[in-house]
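Labels A, B, C and D are assigned to the chains in the order they are written; within every chain, residues are numbered from 1.
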């Protein structure tokens, strides 16, 4: 009953096997190997666009390098107030960006409404020398709430940003989960919507540790190789990073794994709803957020379930947390089994039932 | 009719004279001169506390150095969302602080309510390694809205911060204006309320360019001299910085100048209210914020008045800006003359009157 | 004939197997797993000292984080002018260290002579506010020249640094190679000699990508977890980093692998010397530096050999490079086979012979 | 007898008077005033070239902003190992430059020989991703040794830099001293020689605190206004900075003041030579470097003379410091009087004479 995070899962077997295969013989380091070259071509094919790819071991590195590269130190990156890079990366974008500023925007379900972005950009003051310059918009797809920007929503946000000469970054730590839910081609979910730079994640999807910064205009990537190196993110045995991503992309493995994770989230949400615990946000990727009573929370943990409590200002209007309740995040992954879901919901059902019975028959 | 800023005024005559007097002969540079030594003792006397003083030419430098010194790069500085260092210093705190993060809190009249700070500090998540650490609270006294924290308000905020092991910084670019309004001794308005580090401003008050970072626990100042130097803020002919501050503090000049500026703001607010333009926030320092119709705004500018439009989310509930209106900031200074105020209000009165008449007799 | 770098080798089989074993089931991320806990205890045992360990994926990250942590932004790190972190990390220490300064010292065979350090520390000026403060000494063991500091040499350098209140860092990307050559226990080669912080490398020794910053005074490690996170170097599936290091340390694997690499270097050096190409520096780890004629260089590359040319000012007095010659670096690893060495030297021998013959019989 | 530094002098009377004149009435802050606009045009006239000017209060700020602007964080700035920005600014260039690297080159009399630059640029390795990129050359004119690059020397160095796509910066804290000695027009000493960015100093020349970064290609200045602001170097009462520089440039005041300072250095050097103390470097600006016996040094200080000891590796071959000797720097300024020089040399003469007599008649 492991729902703490998709990174609590291990390595997908096909990716582990690819690491083993890549271990054959010698290869030049730092990306000068054959697997890396092959992967770079493969990424361009899959995204149907020329691109510059920079492989790194963590999503935090991918996000921080991407933003530092498209925003000057006096630039502002507009993002949702609860997105990962604003709240969970210990200031990595500010560090890599030489002190750039994140401007946190509010919005239900961890999504930035177009009207909110528009208002923020219209509001005085923006621009030098006194004020930071609006330089980039960063969106997360799927969001921290496990929700999705519809293509039209993302396109509109990107248009607003581009009209202000800003660039558009997407944190795609769970990009595959979004893709399979929306049934879009990678191109249709990225540069065709106006995305300039994508943090393309594989770790949560099943890799050991492999992410890529994809820059859809390679000319814009000048200097990014140096940033990666001095950030300590250019792996010497780079072939093993490339091998992970290559396996992830082979035979649509990434999509298959993401479909499974999403399906497990759907199952979990459905079962919980049937047990009286409805998801607080639409379940559009591999995350389910619900409220539990403190008592139920205790019982679940006693039963061995693992998951995290969650703090948010992003709930739908009208949804509130009782003093006896805790909001929790349940994350599924490629490794979640239906049995785990059922076992978890059994505990919920058993306990909720007895509590309701108790309430009903005082 | 110069109400654009208190820095549109020049140098107070006594301060200019002091620069001239300090120009006698040779003196060692970089603060090794007699005036600097004398000033350092004087500051300690005036604040009734041992302190380490670091003179710099701008308020931005003072704020940025102070915050960089009391918050680590992975630290967060909680401050009002509209304070100067969050909005008007082009990211200086983030730059000097190695990528530290400002956490912007909302509050009416540019003041942080204790309940808001308390809620922010209670909310998950704070602290490493994933989240930035709450390291400092920065308050502005007087605020950007020309309002003041009452002593009890500031004490309570400082207590909340200290309880969380945070330090308390005050941006005192208009510290004198606050002091004379509240009729407090410098000590009673700073360290006695829990202030650890003060950006002590003199430029807006009448100096050419002179501010000081005052650290009330000198042991905590280790390394700040190096920060100042590598920030390019250690003046070689340092005696002239010290001479400005010495003159500013001599014979209560600073208080006299601030009292005048405040009185001019009071006069302006009273006259404008009588003309039908009430101040939007209490006038507690040397700033008056009012709404003008676009038409009146145009007339005033044609008449030669200078002032800035203002954008804010910090208005009292219920106060809103009509589509025909502009919110403006009017700042008085030691150099503002009553005639300027009267001349300005004359234009307002004349025009408002005719407009009202026009409305009345269509 | 792969002598380009020890990172051109892949993963040692036992380490790859450990990654596979660690892939069993779910585990909390970010170092909260059982393998990490176990490894931390194991490192303390092996080094016979309490320590704080921070695992990261690259040596550049380990060095940059270590130095940023022990030197303030206005600090200087004294190091050899040709050490990796001064020349091959694209400014990573300066970036992580908020603009700290590396002071490059010269010395034969990439070693800093004690007299050179002593002279540098005695020379004016050091210290604030005008001058950077001597904060750390960074030594590389084994050095970039494949040479070693004798224990007494390192102890003496550390004493000089400590006498100046500096801390001592060792870049141990090839620490194991040094250890087995000197036949020292890890403690005897590190904290017992005065080393405060060690970049403990495993990647060059046989891991996929695993290094550790070891801080021998855990109290001094406060904040390093935050630095690692905001540097993007806290891996989510951290157990796989820990598993690599655990396997590396199990049953003395690391020492066995290093012994093999060293032995291959010895063999290579001996064979080359016999062929008339003597090593330019003592072969004390797994690197051999020799001069080749351009012609021989071309032949070797035609025969499929891979290695890098090398630029240095660190040669013994009297050793010079002819205009027809290139200085090259040959690196052996755990994966180098004696056959590779023999094949390589065969080409050298064959060609050198013919050339000499040609020269002899014009 | 004040020879500690040219910044031990005060403000030239005409510049002080200009500050007083600028204090008439109100003016918009931050450079939006009439004096600033006028000065910007005047600078362009004097340099016979369009330019973007950024006024700041210190030379350290000017240098650090200039270099940060023309070198990326992964860039290297090649400079003389004893230049001010490498040794006396506590790492300001590294701080402002996001961790850029200064590459220190040796050379007699604090000048970089063309051959040394050429060799440094030819040497492997330069460029990403592993190595920092050679981005800028920084020269000091006049140098820290009070010597000058001849026009042809500077042109040649600039050509070498430009051929490598580097930009050329000159630290002109004593630019006027060089100009009058070489009898060159400002244009002929700057952009006509290939200088791209000039730190134009006035403080040492007689201002209170006023320097300017001059960028000869204004298009290249984009973003520099933001850098200045977030560095805390945009003065609110900017008109007083501009007024200083305007006065400095009016009626060739700057040249007159510099000529006087140089003449005093010449007189001092001539008198000292006559007394048996020859200058160690050619006296080409306003600095004289000589060796004193410890005894003479003591006597001079007892007599009230002030000056600094100096450490250097930049002496002519063959010149060495005896164990009984101290190398000292004597700096003259616009305020130095011939009487001060004579009084100083009297002490030297008297003491040297008696010492020699003592030696002569034991």
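Keep in mind that, in the parts below, contacts are C-beta pairs under 8 Å (C-beta built on N, C-alpha and C of every residue); 3 or more make two chains touch, one makes a residue touch a chain.
Keep in mind that what you see is a predicted model, and the values were worked out from it rather than measured.
Of all chains, D has its CA centroid at the greatest distance from the CA centroid of chain A.
Two chain pairs are in question, B-C and A-B; the one with more C-beta pairs in contact is A-B.
Averaging C-alpha coordinates per chain places the centre of chain B 36 Å away from that of chain D. Averaged C-alpha coordinates give centres for chain A and chain B that are 41 Å from one another.
A straight line joining the Cα centres of chain B and chain C is 52 Å long.
Multi-chain contact residues of chain A, defined as those touching 2 or more other chains: 73-74, 89-91, 95-96, 98-99, 128-130, 226, 229-230, 234.
Those residues of chain B that touch chain C in the complex are listed here as 30, 72-74, 98-99, 128-130, 133, 223, 225-230, 234. Within the complex, the chain A residues that touch chain C are 2, 4-5, 7-11, 16, 19-20, 22-29, 56-62, 64-65, 89-92, 95-96, 203-204, 208-209, 226, 229-237, 239-240, 306, 335.
Interface residues of chain A facing chain B in the complex, by the touch rule stated above, are 73-74, 87-91, 94-102, 104, 123-125, 128-132, 309, 311.
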